[in-house]
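Right after this note come the structures.
The same chain A turns up in both complexes below, where it pairs with chain B and then with chain C.
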Partner chain A sequence: MARPAHPQAMQPVKPGRTRTAPPTMPPQFPMTGRYRAYTLFDATGFLYLFVGFVALRVVWALGTGSAAWANIQQQLANPLYIGFHVITLAAVCFVAVRFFGLFPKAQPPRIGPLKPPPGPVIVGMLYAAWIGITVLMSAALMGGIS
Partner chain B sequence: MSDPPKKTFVITRFDPDVDEVPKTQSYEIAVDPDWKVLDAVNYIKDEVDGTLSHRWSCRMAVCGSCGMMVNGEPRLTCKDSVSQYGDTVEITPLSNFPVIRDLVVEMDGFMDKFKKVKPWIIRAKELAAEDGPVRQSPEELEEFKQFSMCINCMLCYSACPVVSNEPEFLGPAAIALGHRYNVDSRDEGASERNAIFRGEGTVFSCSFANECSEVCPKNVDPAAAVNQAKFNAVIDWATGLVLPSGEKE
Partner chain C sequence: MKQFLLKVEPVIWLLFGQGIMIGTMLLTGWVLVMGVLAPLGVVDSLSYEHAHGLASSLIGRVVLVALIALPLWKGAHHIRSLSIDFGGADRDTELATFLYGIASVGSLLAIVAVVRL
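Take a look at the complex of A and B:
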């Protein structure tokens, strides 16, 4: 049985004379069919929230001193932390791929005289930027760029 | 010759004079493999149970009347063959809409949202008939043509999770219609509509689930319209900050 929607969903401004049954949500929402990908897409926000806390903790340790820095590095080597970051990486990739797929159609047909490039070109540019930035950051983290 | 296959149709029933809440009723009927789902519902209405209420008209995916939930998905029942479903087909009224009776939903809320987006060409100054028609190139037509193919079947509203939770949200078809006029080269009312898009029922409520476009039987892609409308509404707002009123058009 579908869950109830907001009781005012799609209600007319002036109620009709007939008593109506209240609206229900789409029965597949939120975790069945295509809604699953959408729900997971939005749910990845929780992972980014936790990653934000971890980042703040790392920055705090960096500013506290070498002992705290060594301690946080040791903690980040814990398999639980590594697992969490692997899951977050998978979530980021999932969100990026879904976002890149939807992004071209969010472009207006034109801004003044300017028209956006065709959808496949936009998607190609997004992937090229993603790969380029990933390569640059990896090189910087591995000491290739000083 | 073998007997035609039988299918069971589990249909939601609701009589506002009798029922507190909707209930289901099953009908097992022999179906012709060439039938559309609507043909089966019409058969039940005509031959099995005359009390069943549903909307339909053209039977050719033009009028947009026969939208229903079929096995949990918003579908235009004149477009779907019964053969694409299994032995049991569950038919319920469109989600997110109040139900008047059986498979008939309340449409007035939908029409109210349509009126809000001013779905007509707005001109700063009406041209006289002797000025001739306002010309439009094929390229200009192409910018909005897709969005003018909507048949108001309401499937997009039925699929949208935001419509379920935010009664003020203008919704996919209404925003697509408003956007269709905003990008029409003959129209000069984009600022008026963009103010509506930023106001109550804002386009920014859309979370880009993309379900409206997935279920659209005419490939209108309302999700594209809504998200393009977001972009234009922001540009219009930013332009309004730097340009005196009236110089944006």
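Take a look at the complex of A and C:
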């Protein structure tokens, strides 16, 4: 159902001579059609904000000492934390896939004398970096890197 | 405050964009191992000495600051965007100040956290 958008949305700095219809939200917003992925992409912000603070707690505990480190490991084993992290992992993968797909479309046609590589090459580079960094990070956190 | 937010918008967008790009790349392995596999006992948790040794290196500190701070900015900016889309444009300045304030404090604490390692 279309509903009115904020009256100042898309308002130009100076009113033009052309009369325009008042802005309305698209009828598919927020969870129908292509707006579902758009809304979910934005909603991952809640998980990112929270997981950032969880990571901060972990690093803070590491700086406090071995007892605090053991304590935070115990807390992370709580089913609520595990459930949160499983949902966050799914959200992170969703953000990656959606963003990597959008990234080539957001490139300028030319930066000075340079042209960006073709879209599939950019996407391939992004996936290679993502997989490489994930493997490195996982190996480090599993004790494979000293 | 609205004028200030407009002035710092390029910085916020830089941090937001890197939150999506670098934050996502760093978070995947972190969440997978620290949040799921180690707590479930699929892999062994890092010993304190090993974890401290890794984290207190220069690369470890830089990675950890990025891992903590960049997702905060991605989260703050996307929640703001979601709020505007759901009709919250009237309270945008207050909400943006609050969210970016949280991200700023979290980023400063991230720096403190790696300095005290």
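One rule holds for everything that comes next: the second predicted complex is superposed on the first by the 129 of 146 C-alpha atoms of A that agree within 3 Å, B and C clash if a C-alpha of one lies under 4 Å from a C-alpha of the other, contacts with A are read in each partner's own complex, and residues count from 1 in each chain.
By our rule, a residue touches a chain if its C-beta (ideal position, glycine included) is under 8 Å from a C-beta of that chain, and two chains touch if they have at least 3 such contacts.
Quick caveat: nothing in here was measured; it's all calculated off a predicted structure.
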On the A-aligned overlay, A:A140 touches which partner chain: chain B = first, chain C = second, or both, or neither?
second
In the superposed arrangement, does chain B or chain C reach more residues of chain A?
C
Once chain A of both complexes is superposed, is A:W69 in touch with chain B (first), chain C (second), both, or neither?
second
Mind working out whether A:Q8 is in touch with chain B, chain C, both or neither, as first, second, both or neither?
both
Considering only the touch criterion stated at the top, classify A:V92 as touching first (chain B), second (chain C), both, or neither.
second
Is A:P30 contacted by the first partner chain B, the second partner chain C, both or neither?
both
For A:R17, is the partner it touches chain B (first), chain C (second), both, or none of the two (neither)?
neither
Touch test for A:A129: chain B only (first), chain C only (second), both, or neither?
second
Identify the partner contact of A:Y81: answer first if only chain B is touched, second if only chain C is, both if each is, neither if none is.
second
Go through the superposed model and pick first if A:G52 touches only chain B, second if only chain C, both, or neither.
second
Chain A contact set shared between chain B and chain C covers 6, 8-9, 25, 29-30, 42
Contact residues on chain C for chain A in the complex?
19-21, 23-40, 43-48, 50-55, 64, 67-72, 74-79, 81-82, 84-87, 89-90, 102-103, 106, 109-110, 113-114, 116-117
Complex contact set, residues of chain A against chain B
2, 5-6, 8-14, 16, 18-30, 32-35, 38, 42, 102, 105-111
Chain A residues touching chain C in their complex are 6, 8-9, 25, 29-30, 39, 41-56, 58-60, 62-63, 65-66, 69-70, 73, 76-78, 81-82, 84-86, 88-89, 92-93, 95-96, 99, 129-130, 133-138, 140-143, 145-146
List the residues on chain B that touch chain A in their complex, please.
14, 16, 19, 21-22, 69, 72-74, 92, 95-101, 105-106, 108-112, 143-144, 157-159, 161, 163-167, 183, 207-211, 214, 221, 223-224, 227-228, 230-232, 235
